Amino acid sequence: MKNKDLYNYILGIADNTLILGQRLGELCGHGPSLETDIACTNISLDLLGQTRSYFQYAAKLKGEDATEDTIAFLRTERQYVNVLLVEQPNIDFAHTIGKQFLFDVYHYLLLEKLQHSKDVNLSAIAHKSIKEVSYHQRFSSDWVKRLGDGTDESKTRMQDAINDLWRYTDELFHTTASDEAMIAQGIGVDVKELKTSYYERVSAILDLAKLDIPESKWFQEGGKKGIHTEHMGYILSDMQYMQRTYPNMTW
Amino acid sequence: MKNKDLYNYILGIADNTLILGQRLGELCGHGPSLETDIACTNISLDLLGQTRSYFQYAAKLKGEDATEDTIAFLRTERQYVNVLLVEQPNIDFAHTIGKQFLFDVYHYLLLEKLQHSKDVNLSAIAHKSIKEVSYHQRFSSDWVKRLGDGTDESKTRMQDAINDLWRYTDELFHTTASDEAMIAQGIGVDVKELKTSYYERVSAILDLAKLDIPESKWFQEGGKKGIHTEHMGYILSDMQYMQRTYPNMTW
Amino acid sequence: MSEEKIKSLEKQFEDRILRDEKIEPKDWMPEKYRQTHIRQISQHAHSEIVGMLPEGNWITRAPSLRRKVALLAKVQDEAGHGLYLYSACETLGISREELYEQLHTGKAKYSSIFNYPTITWADMGAIGWLVDGAAIINQVPLCNTSYGPYARAMVRVCKEESFHQRQGYEIMMTLAKGTPEQKDMAQDALNRWWWPSLMMFGPTDAESVHTAQSMKWKLKRKTNDELRQQFIDQTVPQAELIGLTIPDPDLKWNEERQSYDFGEIDWDEFWQVVKGHGPMNKERMNARVSAWENGAWVRDAAIAYAEKQKEYKSKQAI
Amino acid sequence: MSEEKIKSLEKQFEDRILRDEKIEPKDWMPEKYRQTHIRQISQHAHSEIVGMLPEGNWITRAPSLRRKVALLAKVQDEAGHGLYLYSACETLGISREELYEQLHTGKAKYSSIFNYPTITWADMGAIGWLVDGAAIINQVPLCNTSYGPYARAMVRVCKEESFHQRQGYEIMMTLAKGTPEQKDMAQDALNRWWWPSLMMFGPTDAESVHTAQSMKWKLKRKTNDELRQQFIDQTVPQAELIGLTIPDPDLKWNEERQSYDFGEIDWDEFWQVVKGHGPMNKERMNARVSAWENGAWVRDAAIAYAEKQKEYKSKQAI
């Protein structure tokens, strides 16, 4: 493959939207209200729609028989490079919202910059996606505030979720060798530079939500290198079930 | 295949032990005490060991490239013929025990007769397995009594589990065309004849456990025809994950 | 109110319906009209949200990204339908909480079809094609029903349902022209969903209650048997077109009636499922009740937060 | 007891250990001996039961029936080891509940190696080969330790562990001679588990506390660094034999020492995991605590039932 770094760079973005979209899809019909069900399904739809755009582009770069679906469904666990954050389970609505919020703030900052990528395809996808993500961010921030400043129970649950998930935030700002190559070419976004804004924005919302900002300096990483948490295998065994069981068919 | 009916008959027995063993395997390390963890793992081991004997025999009948593993792992959901009872989830320890108990009593009665099968392989497997199953039955019956006649909470949970699972018991006594063919040849056990003893034995234990015997006359069926509950797909997506993802390899 | 006065109001009311005028929430209406509409609209709303579950079951396992997105969109539409229908129902003076309570306690019904399991991907096709197909036939006449909010909700619902129906048929078509395994999967789904779909039109006319009254109020324009026949006549050629076989050995074109004759429906199965003993009744109800109970703290938090915000704003206003 | 009396008892006690006599539960022992043993034996027991989790994670996904059965048997053995070790520990006057309490509150430690995730099937091989291999080297000397119940438990544990170790190596060997994908999987597992396995021997001797005292009581016979070297010298040729590469560029045979030189261990990572911040510390502890809490009603029921039975029998006896 000629554009191996670009290909890898795209996966680094789109595996996040794929896995977060997949996780949200688990909740359809099981949420706390019809309104939140609709919103979560909608976010899942947006994320998977974005994933399709990225993977269609990646498939073109890869050539051969690659399609959006071979990329989405036919890699082994070690080849998925999403951050650990997005694969975390929907333990309760606070965890679902917490994960979404911690990702959305990052996602928005990323797309803001990616709009200016020298790669026209990426910049177009970013341009189209940022409107959706702006809504995601508003939705998840609003719920963080509602739960944080709602009842005692909701406050405890929301705080627990933020505390649990905090350790996965630092990885958002790590870069791989392919990322660095793309940054150097003005195609990729240097996520390291987003870190300060990210924690400022997240902290501002947590403040409004009357939640404590975790102080832990211990972070987890691995997803970007394909070393996932034990949740990932179960996500994939469902997600890939049809493609693995009935290979090479049209659906 | 020459012995299609015999092959099907074997699957009708061994898919039950496979799926029940698989379900128990989920619990390893998560049980209420080390002692119950050891016992449940042990039962799972016995059941999967029995499954191997049955499938090794079935693979010989099937010929071609069939092995115990192709039979265990490479069928589609509609081709598994276990009863619905064994695929039910481990909602809590009462459900795990209830499912085990309702299966064990049946399993013991089945093997008692299967020892006298005209098929020497089946009779040998039954002969070997019945000692194990006699222990399973004692273990699960003892726990039904402990939970039924323990605390208020355990009584409620155990009664709920029995009430939930009762609707799956009738299917144990259904026969397929292959079953009937094997019964006619003195190879298969006529499970219809076990029904009265089964409900007597189950009722006797439930009485000792001070639990009510459900009165419902509404039963579910489908497993023996390959029409499963929605749980089955998720069991298989994990169980088949490796074989589907890495086909034709030696492990 | 005097009996005479009521009689006169009732007369005016029935006349308005005869003239095809819409009844609106603030209009006077007979109590029975209100109750019947609450029953029917809520049953319809409940069917939408319970109906999310069998399809939701395949979102994580959809075989392509395109299908996954389409399935999510479909389930989202169903949630949306539930939302308008609950809103329409609420205009009759009942709250969403009361409606859920009726569902969760089993007092209110939902469409029995959702008590069957979705066990292969082809079931996503069969549900769209057959279940949405049957739903449309039941629902299209309701776009002209007498109660305004319900009629307007149905216009929107029917438009989306017919999109879903085409999408389901397209899934079946893709499978039917796929590999032998895929074709088998499609045929198997048709075999399992065909009879339950016919049952969606309810008992035969001889057994059906409510019909006369419902006809008068335009809650019903054709009988169960007429609608069922319409569904069969429409669906059989669609199956033939993609090479699938309707699982009914008695199915035969009747030249004289210009319609299909068909076999006997298993009414025992029908009543078993209606009475709550279908393959998935317990699971569907557990899923709804768990979602509601596990979500209680979230809804409470939203209320508490809204109140705090109001308080805060009113303090600022002083 | 007078100070003099204690001194004399201590002297007798140390002499018995010197003469290789076993100390038994009813024997007098210094409080520090008791506490040190509780700490070590319970840590060992906790490691066995926490160690069930990373391997338990692959039971439902094992790639063949034979491997599934072997894995179940292995995890069952670990539960069994936990059981004897807790029993050995209880002879020192502490209850199982107290020991669990120490684990669940983080007061007691368990082997840090179990805070790494098992992400491919090859990890089942690597754990057996490397983790059980390292455990055996740590544990064999304990078969001759001074406290009788611990020594006897260790005899049984070591026998089973060496079976597990061979089984794990055999999994790796099968993968290594399999398809390129399988070989990659094996190499990847070795890459991920190698360094954490070296960390199982604890900090370097310079940093290690407890060593002198432990040597005297035969809780330890060699230092951490000696054991680590023994492990490396044993394992490197095993890796070579099956064509896998140890992920250490500094690894080199030292002709003079007749031993391998090896690279620097990442002690920051070591301490991070020990302090509870490894990749899976939180998950492992949650799993144990949930199992315990969710099982409370079961244990309560068993106690209540046993009491009722006793009561019933004593009434019958009257």
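Here the chain labels run A, B, C and D in written order, and each chain numbers its own residues starting at 1.
Methods note: a contact is a pair of C-beta atoms (placed from the backbone, for glycine too) under 8 Å apart; a residue touches a chain by one contact, two chains touch by 3 or more.
Protein identities per chain, from UniProt: A, B = Phenylacetate-CoA oxygenase subunit PaaI; C, D = 1,2-phenylacetyl-CoA epoxidase subunit A.
Just so we're clear, the structure is a prediction, and the values are computed from it rather than from any experiment.
Of all chains, B has its CA centroid at the greatest distance from the CA centroid of subunit A.
Note on interfaces A-C and A-D: more C-beta pairs are in contact across A-C. Taking each chain's centre as the average of its CA atoms, subunit B and subunit D sit 35 Å apart. One finds 58 Å separating the Cα centroids of subunit C and subunit D. Shared interface positions of subunit C, i.e. residues touching 2 or more other chains, are given as 61, 181. Within subunit A, the positions touching two or more other chains are listed as 76, 233, 237-238, 241. An unclassified topology is adopted by the chain contact network, corresponding to no line, ring, star or complete arrangement. Checking each pair of chains for touch leaves A-B, A-C, A-D, B-C, B-D. Per the touch definition, subunit A reaches subunit C in the complex via residues 22, 25-26, 28-38, 41-42, 44-45, 48-49, 51-52, 55, 68-69, 72-73, 92-93, 145-147, 149-151, 153-154, 157, 238-239, 241-243, 246, 249-251. Those residues of subunit A whose C-beta lies close enough to touch subunit B in the complex are 76, 233-234, 236-238, 240-241, 244-245. Taken in their complex, subunit D has these residues touching subunit A: 54, 57, 61, 117-120, 181, 188, 192, 272, 275, 277, 279-280, 282-283. Residues 76-78, 164, 167, 216, 218, 220, 222, 227-230, 232-233, 237 of subunit B are the ones that touch subunit C when the two sit in their complex. By the touch rule above, subunit D contacts subunit B in their complex via residues 49, 52-53, 56, 59-69, 72-73, 75-76, 79-80, 82-83, 86, 121, 171, 174-175, 178-179, 181-182, 287, 290-292, 294-305, 308.
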